[in-house]
Every structure is written in C-alpha cells, then in structure tokens.
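Order as written gives the chain letters A, B, C and D; numbering starts at 1 within each chain.
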Amino acid sequence: MSMPTPANPDYEDAVRGAVLSMPAAQHLGFDFARIAPGEVEIVQPYRPELTQHNGYLQGGVLGALADFAGGSAAGTLLAPGWVNMTIDYTVKLLAPARGERVLARGRVVKPGALVTVAAADLYAVDGGEQSLCATALVTMRNVKLAEA
Amino acid sequence: MSMPTPANPDYEDAVRGAVLSMPAAQHLGFDFARIAPGEVEIVQPYRPELTQHNGYLQGGVLGALADFAGGSAAGTLLAPGWVNMTIDYTVKLLAPARGERVLARGRVVKPGALVTVAAADLYAVDGGEQSLCATALVTMRNVKLAEA
Amino acid sequence: MSMPTPANPDYEDAVRGAVLSMPAAQHLGFDFARIAPGEVEIVQPYRPELTQHNGYLQGGVLGALADFAGGSAAGTLLAPGWVNMTIDYTVKLLAPARGERVLARGRVVKPGALVTVAAADLYAVDGGEQSLCATALVTMRNVKLAEA
Amino acid sequence: MSMPTPANPDYEDAVRGAVLSMPAAQHLGFDFARIAPGEVEIVQPYRPELTQHNGYLQGGVLGALADFAGGSAAGTLLAPGWVNMTIDYTVKLLAPARGERVLARGRVVKPGALVTVAAADLYAVDGGEQSLCATALVTMRNVKLAEA
C-alpha cells in the first residue's frame, strides 16, 4: 500500500530515540538500518546470550524483535505528541535463526487514528545469505500524551 | 482439564534443566516456582534492563516469558528423548507490568503427540498484589531426538 | 477476575438483540444459552451445511463462533449507545467438533474503555459429553455511536 | 519466496475438489479465481446472509475466508495421498468489507513436511476498486491418509 506522509517531519529521530532509549531494546542490542514512512529495518547482531541451546537466536528474542519492528514502523506515522504501545502480537517461528545477524523488517499494514496494524518479517543472515526465520502481525494502540 | 500422567518420571528436572540452561533464559533471569504435570509457574524478578521508559517490563519481555511458560508447561508431558519447540505464540498485553516481579503461569490446553497447545497468564506482583498483565496462546511442536 | 457491573442495565437484551439480528449470525443458526456480566454461552446446533467432509463442524465456523462468543461477552459491559467490533481473533483448533452441538463460552479477560480483550472456549457436545474443540483470544474495539 | 514444485501434478484439481466439496464452503458460496503453486485467489460474492448490520461481510465470514485461502494455498504443495487441516489462524479485521465481492489471496509463507505456514490478504471490491479489509496468518498441519 502507499503510505501516508508522516505527520511528524522528525519521525526518524522520534522513532530512533523512543525505541533505542528503552532499556529492554539496549538489552537486546539492536540498531536501525532504515527508518522510512511506515517501514523500518532493525539489525540484531548475533549475541551468544540471546540463544537457545544450539546457538540460534531464541524464539522469545525473535518475537521481541518482531514487536519492535512492527511497533517502530507504526511509530513513523504518529503525530508529534503521540506515542504507541503494543496491544498484541502473533509470531510464527519458521526456521532456525542461525548466522551473524537477524534483520527484522516492519511495515504498516493499516494505519489508523487509534489502532494501527503492522507486520514484521525476520530474516536470518548467514554468510551473507538471507532466509526468512519468522513472521508476525502486530497491533498497536496510539495514545496522545497528556498536555503539560 | 485433567492432565495426562507425564511420560517422563523426571519431567521436573528435565524441564528445569532444558529451560534454565538456555542463554536466552539466563539473560532474562527468571526461575521456576513450580513445575507440575501440564503446568508451570515462572518467576521473573524486576530488572531495570528489561523495562521500557516508564519502568515497567517491556512487552517483548512479557511475550518471551509467555512463550517460556507455555512451552515449559507443554514440556512436562514429553516422553524421554523428546524435545519441543515453539511454532507460534500470540500475546495480548493487558496492563502495565509494574512491581517487584512477574509470575508467568503456563498450562497445557491440549496435549498432542506432535503438536501441543498451551496458554499462559502473566501477573504483575506489586506490593504483594497480583494483577493480570498479559495472556497468551502458545503452540509447540514435539520432536523426537535422533537416536545416537 | 471479578467483572465490573454492566453499565447498561439492559445488557442482556442489548447483546441478544444486536447479535441475533445479524444476518451472518442467523446464517449459522446459533442462540444464547446464557448472557451474564462479562460472560456468554452460545449454543450452535449441528447443521450439515456447516461441516467439512467428515461431518464435523468446519474450522472457519468454529472461528466465527469464537469471535461471536468473545465479542458478545465484551458487549455485555458496553454502556448504552456504545457498540463494539472485532479488531482481531486468534483461534486454535484442538479437536474435531463432532456431536449434536457446540457450546461457545466467551468471557472478558480485560475490559477497557476503548479496547476489550476476551477469550472463548468451544466445547463439542457428543452424546451429552463435552470436550474442548477450540480456544481463542478476541480483541474488540468499543465505539460510541454518533449522537443523533 | 520461490515456491517448490507441487508434489502432486494434479494439485489444482485436488485443491478445488477438496475445498469446494465441503458443505461449509458451499454455505459461504465462494469459488476459486486462481490456483497456482503455493498461491490461490478465492472470490466470495456479496451475499446478504453473510453480513452484519450495516451490509458489510461479517468478521467471522472474513476469518473463514482467510482460513480457506491460507489452507488452500498450503494444499497446493501436498503430495498425493496427503491432506491438511488448520492448526490455527489469526485474522486482523482492517476495514469494512463493503462492495460486490471479496478476494481472499492466500500464499504459502513457509512450506514444511508436517507443518506449513500461510498468509492471506482479503480485499473488498467496491465498484471495481480493491481495498485491503483483512489480513491473516494460518498454520496448517499436513497428514498422510492411511493406506487402504
């Protein structure tokens, strides 16, 4: 779909700042490779402390990345003074997340005033090859911050 | 529902060992308060590095705990030599996870030979008061380890 | 959880009327056995036109019943002049829905001003015996009807 | 993703026959516009008996169509003698399904030997214009029919 023009001209800094300042985001250790209207790409480097037994990123970590990717994509369309929070996410784990990093691509599926639906596809990058390892749907609630 | 008798008499040690030896579980820092046939309770202490901006546990952390709780509950019914892995989970975030710890209670909804469905309810414990902060459905796949 | 007192004293008639007047509800042919604050029970009689090949109720029919049950349970808590609509539902099909009827029990998990989360458990009744055949989570959006 | 070559050269007839012979499919009254390896398009004409109050197709109907579309897409990759059945589906209702028909496009996201994940996007066609009205993820289980 064609994305609406972001209501916040500083959407890129707003999303980056809001997400990467979260302790839980820093605990995973990802960064953004791209922030565009209605779309983001998160890069999560391989870290041994995020794995299950066989050295692949654990499913709960992939779910958290999907949530961050979908929520961040939705966040690019928020007006100044608004924030969003996750209502729910459904994540399907499709293949082992092996390799040097995971790319989590979030995109808005349906923007709304109060509720926005996004999707996320996660790709494991192993020796430069990308393979789909998880897919998710994420629903976000948009909330106007109280006036000061 | 009434739970089947675990096929593995050592189910408690098996689940505890399999889950707590995962680096991703140690990275969250939870423990089990209870492991029974088809049911577990996970205790996740408050840790600042798992929070979002307002000091509550972040949604991706709650989703990961729901996955661990549902998957562990399902794991109590596995026969020796079998393991399980998450096919998917859907988590609904219901209220801020504020307080000193989160209890994630997993239970088997429908055990199966190859696919088991579990649920998880997460309670934030704040000043001793429990309040529901998330609920989830988790589908697990059961796999027999290859013979040596 | 303890349910709030319904904001609409006529909640039972309101839910029954709103749901059973829907053509899609009549096309399935169910009725309510119970409507209480935050809880409903739907009774769907066996009908051959709702089955898959083996004579059991088809999965999409079970999903629709779960949506109606969860949404109706949430609807009991609406204030006069408000309606609700489904944001999403996730349904896990657990066992064949064989027998003379299906009971779909919906209950509110978390009431909210704008978003309410409900759950539904579906039981196939076969020769008087009930067995769980599906479970679902349903998220509803609450909307105030425009003033006349 | 690139789809595997169907293991059944008669996949198109197999899917069409298996799905359209279901009473529950006939009760909705849809047909297939396209059946290709890993992809299908279902056409559901507007029918007043499938609507909610305002004349739009009801959410449970959309969920059922999403299930049929995802499951049929997955079914195109089954080997002869295999069938599939829905493990679960999650459907997000995005906009009113108004207009003369709904197109439900299913596609395989990840084929597997025993578990296949598919997605479905539903478009309402109103005066020839298509607009996304629902999106879903569907997990199917593949089962080999018992030998005669």
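Note that in this section a contact is a pair of C-beta atoms (placed from the backbone, for glycine too) under 8 Å apart; a residue touches a chain by one contact, two chains touch by 3 or more.
Each chain and its UniProt protein: A, B, C, D = Medium/long-chain acyl-CoA thioesterase YigI.
As the structure is a prediction and not an experimental result, all values here were calculated from the model.
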| item | value |
| --- | --- |
| Contact-richer chain pair [C-D vs A-C] | C-D |
| Between chain C and chain B, distance of the C-alpha-averaged centres to the nearest whole Å | 28 |
| Length of the line joining the C-alpha centres of chain C and chain D, rounded to whole Å | 23 |
| Separation of mean Cα positions, chain C and chain A [Å, integer] | 32 |
| Per-residue overlap in chain B, given as positions that touch at least 2 other chains | 87-88, 90, 92, 137, 139 |
| Overall pattern in which the protein chains touch one another (line/ring/star/complete/other) | complete |
| Touch list for chain B against partner chain C, complex | 1, 90, 92, 94-95, 109-110, 117, 119, 132, 135, 137, 139 |
| Chain D residues touching chain C - in the complex, by the definition given at the top | 18, 21-28, 48-53, 57-61, 63-65, 67-68, 85-93 |
| Residue numbers on chain C that touch chain A, as the complex places them | 87-88, 90, 114-115, 137, 139, 141 |
